[in-house]
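Chain nomenclature is as follows: A, B, C, D, E and F, assigned in order of appearance, with residue numbering initiated at 1 for each chain independently.
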Amino acid sequence: MTGLIELGNLAAVILFILGLKRLSSPATARQGNLFAAAGMGLAIVLALAIPLPDGGDNNYLWILAALALGSVIGIVSSKRVAMTAMPQMVSIFNGLGGACAVAISVVELMKYQTMESVPMGEHVTTLFAMFVGAVAFTGSILAYLKLDGKVNDNKLKIPAPTVVNMTLLAAILAGIAFRTLMPGEPIYWAFVVMGISLIYGVTFVVPIGGADMPVVISLLNALSGVAGALAGVVYDSQVMLVGGILVGASGTILTVLMCEAMNRSLWNVIVGGFGGSTTGAAASGDQTITEISTSDAAILMGYSESVVIVPGYGMAVSKAQNEAHELEKILESRGVRVRYAIHPVAGRMPGHMNVLLAEADVSYDKLLDLEDANNALASTDVAVVIGANDVVNPAAKEDKGSPIYGMPILDILQARQTIVMKRSMRSGYAGIENPLFYHQKNRMLFGDAKDTLSKLVAEVKNLG
Amino acid sequence: MDFLAEFLQANMTMIYVLILAIYLGLELISKVPTVLHTPLMSGSNAISGVVVIGAIILVRSVESNDYLALSLGFVGCTLGMINVVGGHAVTNRMLEMFKKRK
Amino acid sequence: MIFGILTEQQDSRVAMVPATAKKMIAAGHEVWVEPGAGALAFYSDQDYQAAGVKLVNAKGILAGAEAIVSHNPLSESLMAQLAPGRILISMFSPRSNPAVKEQFASSNLLAFSMDMIPRSSLAQSMDVLSSMASLAGYRAVLLAATHLPGYFPMLMTAAGTIPPAKVLVLGAGVAGLQAIATSRRMGARVEAFDVRAAVKEEVESLGAKFIEVAGATEDKGAGGYAVQQSEEYQQRQRELIHDHASKCDVIITTANIPGRKAPLLIEQRTVEAMRAGSVVIDLASATGGNCALTQDGHTIRHGGVTIIGDSNLTMGMPRDASLLYANNVWSFVDFTFKKGKDQIDFSHEIVASTFLGQVPQPA
Amino acid sequence: MIFGILTEQQDSRVAMVPATAKKMIAAGHEVWVEPGAGALAFYSDQDYQAAGVKLVNAKGILAGAEAIVSHNPLSESLMAQLAPGRILISMFSPRSNPAVKEQFASSNLLAFSMDMIPRSSLAQSMDVLSSMASLAGYRAVLLAATHLPGYFPMLMTAAGTIPPAKVLVLGAGVAGLQAIATSRRMGARVEAFDVRAAVKEEVESLGAKFIEVAGATEDKGAGGYAVQQSEEYQQRQRELIHDHASKCDVIITTANIPGRKAPLLIEQRTVEAMRAGSVVIDLASATGGNCALTQDGHTIRHGGVTIIGDSNLTMGMPRDASLLYANNVWSFVDFTFKKGKDQIDFSHEIVASTFLGQVPQPA
Amino acid sequence: MTGLIELGNLAAVILFILGLKRLSSPATARQGNLFAAAGMGLAIVLALAIPLPDGGDNNYLWILAALALGSVIGIVSSKRVAMTAMPQMVSIFNGLGGACAVAISVVELMKYQTMESVPMGEHVTTLFAMFVGAVAFTGSILAYLKLDGKVNDNKLKIPAPTVVNMTLLAAILAGIAFRTLMPGEPIYWAFVVMGISLIYGVTFVVPIGGADMPVVISLLNALSGVAGALAGVVYDSQVMLVGGILVGASGTILTVLMCEAMNRSLWNVIVGGFGGSTTGAAASGDQTITEISTSDAAILMGYSESVVIVPGYGMAVSKAQNEAHELEKILESRGVRVRYAIHPVAGRMPGHMNVLLAEADVSYDKLLDLEDANNALASTDVAVVIGANDVVNPAAKEDKGSPIYGMPILDILQARQTIVMKRSMRSGYAGIENPLFYHQKNRMLFGDAKDTLSKLVAEVKNLG
Amino acid sequence: MDFLAEFLQANMTMIYVLILAIYLGLELISKVPTVLHTPLMSGSNAISGVVVIGAIILVRSVESNDYLALSLGFVGCTLGMINVVGGHAVTNRMLEMFKKRK
């Protein structure tokens, strides 16, 4: 019996592994999530079924009630939450996981009180589980508050955070050591450790900029993984152990990757300070622009129905026409409809874009002139601007004051989403600001058009 | 020191499991594209909900009159379950966009 | 409003084409065209009628049309027949002959000169100079290729390898850029030179090599136009150009400085240093030419080198030239007379810069 | 051996160029050229001398040269002055006038006709038809572009969108393919048609669309050449071509059937269905033309359509035409007279097919 | 002490893992091999150092002698062997590994005789170790003989191989079962099992075609990995266990990959029959051509000094000029010198290649005409023919009888190595056979030029 | 059956090691390019020489007068060592070509 259950648990672990594996590639991600979920379901069932070493009176009612309650809350809240608020949600969930770890370790610790001799290894593990769980708990909650803008970086500050944190950390470790070495002492010492841990969770997150919260959450997630693993040791359950470790490990590397993605080191994220500015949204004057990574851009296009490419002088400068054609072809091969919107004055001479695109052997039938383009754009998912500026400047439509007011432009804001590739925020020929860049529908993809495009092509290929 | 050596020898296999699992953890997602960072995080977060197993075993093993433990365990189960179920559900929603068009 | 179009004198183009007329009529205007006006540009009277144009003889047009559109200014005699307040839209090139300014100042006609459209992004749809320059640039290459006694592109054949023709483009404005693009397409090796450093990037964007001469004077005030250059700069420039020019098969010059004589870029010695069979196309011939030997409107032979001086290449492509011109005019008209011909905003840059003569005082 | 080159009569080309002469001399031959022979092709007497060529007047050449190389056959009078056994290398086009065969059969001159070189891979370096056809195909496009009243490439400008010109190439041999490639380069939309199905792939390899007519007769024996087609096939073909032709701006025809009248592909009604301003270039005019209205050597206007019948376009590019011809000749000479003029292997395909007259019996 | 040694072993295992990982990417492969070697060295040292549970008298002399001897033989033979004979070598080595497993299991089995009660688990494991080792041993040796052409497929045959094999397998398993259930029986039963195993190794390999030997070797390699793992269980040594398993697993997947690479299923390789023809060397008439995979071609070019591309009509037909240019650029970016050799009559019209390459914006300076090309080719590492045929036909130089005899060609056989891309063995315009294809310097890369080239570009990118 | 269950429970950790190791083995080389097939095979073949460890331990643990065992062990050690050393050496030669040019 138990042997089979053990096998079942093994199966669950394998499901976790496969799940994670699949979660890391767009084509299989959804499946991966289901795998993991299945594994979890299996593990839970087995946990209910497995015969306990020392009998025990099961209390199935309590458990089932709790599980039911949890499931309902989980489902509902996840349905309710807005797409944009997802990360916050994740962070809360993670916190709860941590809390769960705390709860059970507390019970364990109290149990130890009643035993005459406490196995040292088990004791220390439990204490660590509690510690880690606690940090994950309060940390995640604060992360959530920050993400949700409920707590403002500038409002909530602590002096010399690094010092404070180190001190707290030291205190906690000391506490754990003390507790394990003289388990005879009254239980509340354990709770003191717990208390400090909870505080530490807060002080750990406080100094980190709101924009860096995703990284923090990922880190805390790894922590709660570890907590799970530790608990696994306590209950010597391989599922918990391996599952926890997997999360711990992958969570850690994921955190690192996230930092790399916004080219910073994990360390300078944690000691915080200059969080924010360099990432996500960048401020220029009062308005802010939002950048997008090539791979996100690739997904966006790769999974869209229709894309319109808007070439401009920048494409000419970086001689990116062949790459543009590449992108067109690979998108088409994914069933995306791709066309080019040619503005009559794009470039620096009449027909500039025509010459270049013809050179890249782009079919004439894919070229839309101003009028057709503006009709097509309304039903376009993604409009990709390759080094164009003036010809897509909404000011020509909206801003009576603008020197180009009245000039017909490609109204790409009709598209669901716009991406602008250029090297900087510099202006174009007409030398005027372009509100498009700051529009919330728009994402900036900085860099030389040729490079950016070839990266993009590679990424789209990866979508598989 | 000596204690450590003892320990090592005792749990060597366990340690292998750890090491292998860790390496696997790293290996598995080493090539994840940026777009998947958040879903992946959310997904693995859901997995980190395994602690619920602990909570379950705990509740099962305590006496049915030890209400403190029971209620704590109950809370544990609930929270853990939220983490698990909610986590997977949210992840699933995040991944909607990857539905293959045919 | 009623727009009248007469047959151009010794010009194959026509100032209005059916397609554009159709738009104007749709916008509530009337368009009168003299029978046969479009013949040389391959637009038949039937085409015009089909577009809703009224065919009216010259007399009728001069008498009835509120505005007369043309490429070339009307002859004195014709203008004399016009009632006061009539509008003239044409290319009066006041830069090269300022006289016309006085003329209209004293007359009571409202003249708008399409070649004075500012070179701003906003006005580009009315920018006749661009449309025509781009046609000229394109055709210059065709001309060069036809006069060259050999291939433009590189050819490695069983009968030997033909190296690609070397083309040098002087002056990389609209015409120059178009010439570069076209030569490149046809497989030539292209080098280009221009005083405006900004052009370097534009030239390279078309896959041509830019020849740099250090120390050009630029004047942002000139609205993208070139300005007079210092003597010793010109010296250095001439040397450099001489070196490059003597190595190439085709030279296309488009260098202009509005309102002044075209800069001299190719001296006689340069021409004489060129390989027999080479061709020089001088688009600046009208304003004196960029080549010392250019004779405006003539194709001459100096040693083995053919030198073609022609600033009216667009006449060789009357169909598209007319089409583009008509569209430019329509954009201008639509912009200027939107509120009717009595509601013209003479203060607006576009109107101000094109308008000749004095602003009518609202009675 | 001593090779003599005379000035061609009403032809700008010359049969030998300095570069090639140099090779021949290096190979131990002598080359005599009549002073001024290369002038029209931009090869000066100095160039020849620099290459080691001897400048000899016509008389001297006729008297002393063992072999005389020319594009066009020598006039009767000149030939009369040649001693027996002299060698003539030229394009006698025996296919179109079989008379020459008899003529040489009765004479005691050894005539080799470069236009009879077999179209084998081996002989390609001597294949004059290819070299000339390819020049002609290229130049035909230039001609078409210059006569077209508008742009070739597509242009989306502020003054409106110009659609790309539509070019139809009939007969996709060497000339046709070159025409296709060139038109494509210049940005036109190109369609092509040929009776030989094999050509389809070749046409598409150049990015053009191939028009297919079902049921063409092919004759592998014809060595890649086309053969006479069945009447009803031609009917179907004409219909199809009519449809496509009437929709396009430029038609370039190169359809030939060696030794016969060129097939009629464009009828009058087709021309009349074409848009005003369109251009037809008929490279087959010499053999009667592919277009019903073609007049060989003339440029005519039918309705709005310009029709140019010219089979000698290569004369417009004398420099490269001469160069390629000279190289072809040199390859042929080097192959045929390697062992000296008395050791010619008349049995070899290449020699056999080019040789006119009867084989000299070894004494 | 032992604890640390255990740690050392763990380190060794990790080195194995990293080694395998690195071995699977060209850029890190050499390093990977060193890692693995280091791990092995460490493991061996530790094996010498580890204190034995029940004393034992070490016999270091014997061991060191053996190790020294082995090392010398190993080094020498690996130095001696010709590059082309490598696979044979590997297969021998693998055989020896198997033999080693047999040897020790025999000793173990004899030891059991002396014990009164044999732990069943251990016994069965040992027997299996012996079995697997034996198969690996004889199998590899035969594989070697076949690869080396010492044994000819057609000579050595057995009737109804599948039947035979199944029977032997059954016998072996029965033997093992019998042996473990009644260990009392005389020892020679064990040797009977061994004998049959050795035979099975032979009969297993006999029906498989010589061209499939690499696959077989890989499979046997996986087997000896398993043998090692089993031995590991016996000596409960984690290094042996994990190391063996790793090899077993990766070896298996590698075998599968190999089959895929020559698109066959592992199964149809094993049941054999139509081995050969479809793979490696294919026969046409009497002569044989050798194919090359895109990735091998990529390596060849990616790690060469200079490449010459020879375009022909085929490039035109598949419109592959842009891909060719791509390849040129990516190779150049790796520091490879790339040029194009243009034959005057390549294509179907004078200057055909020029038109196309100009369209793809290939610089004129990279184009070599016949003469320059033939000079350049002498100092070229790889000449890549893209859909050309007649223009690279050596018959024009060598075969007086050939219709194109005397026509000047691109003499690409001067290059160190040539690769020809075309779709089939069909002839070109001139309609004549091309000896080049059968030249031992030449490799065929079949498929539409455009596809092949873009695959190639991808592969070169992967070289990293 | 029952025996199996017993066994499973006893060696569960061991089994985890197995499974993880196997998966890792697959995962590690899943993306190996064709060119590396042979070198990789050769390399892992060298690793499969770990059996030599067994041989060593064996020889160390037998009595020094049990010559049969000793000589068998000796053979084992030698063969195993050939496999290991030769294997790595050959692999290294195969990989010569991947030396980075600078």
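The criterion applied here is as follows: contacts are C-beta pairs under 8 Å (C-beta built on N, C-alpha and C of every residue); 3 or more make two chains touch, one makes a residue touch a chain.
Quick caveat: nothing in here was measured; it's all calculated off a predicted structure.
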item: Chains in simultaneous contact with chain B and chain E; value: A, F
item: Distance-maximising chain from chain D - centres being C-alpha averages; value: B
item: Between D-E and A-B, the pair with more C-beta contacts; value: A-B
item: Centroid distance [mean C-alpha coordinates] between chain C and chain B, Å; value: 74
item: Geometric centre distance via CA averages, chain C-chain A, whole Å; value: 57
item: Between chain C and chain E, centroid-to-centroid distance (C-alpha), Å; value: 69
item: Separation of chain C from chain F, taking each centre as the mean of its C-alpha atoms, in whole Å; value: 81
item: Per-residue overlap in chain B, given as positions that touch at least 2 other chains; value: 7, 13, 16-17, 20-21, 23-24, 27-28
item: Multi-partner residues of chain C (each touching 2 or more other chains); value: 124-125, 130-131, 134, 153, 155, 157-160, 162, 185, 187, 207
item: Residues of chain A engaged with two or more neighbouring chains; value: 17, 21, 238, 242, 344-345, 350-351, 355, 358-359, 361
item: All pairs of touching chains, each written as two labels joined by a dash; value: A-B, A-C, A-D, A-E, A-F, B-E, B-F, C-D, C-E, D-E, E-F
item: Interfacial residue positions of chain C with respect to chain E in the complex; value: 153-162, 164, 187, 189, 207
item: For the chain E and chain C complex, residues of the former touching the latter; value: 342-345, 350-351, 353-355, 358, 361, 364, 367, 369-370
item: Residues on chain E engaged by chain F in the complex (per definition of touch); value: 16-17, 19-21, 23-27, 29-30, 32-34, 36-37, 39-40, 43-44, 47-48, 50, 52, 54, 56-60, 62-63, 65-67, 69-71, 73-75, 77-79, 81, 83, 86-87, 89-90, 93-94, 96-97, 99-101, 103-104, 106-108, 110-111, 121, 133, 214, 217-218, 221, 224-225, 227-228, 231-232, 234-235, 237-254, 257-258, 261, 293, 295-296, 298-299, 303, 305, 335, 459, 462
item: Complex interface listing, chain B residues touching chain F; value: 13-14, 16-17, 20-21, 23-24, 27-28
item: Contacting residues of chain F [partner chain A, same complex]; value: 4-9, 12-13, 15-16, 19-20, 23, 27
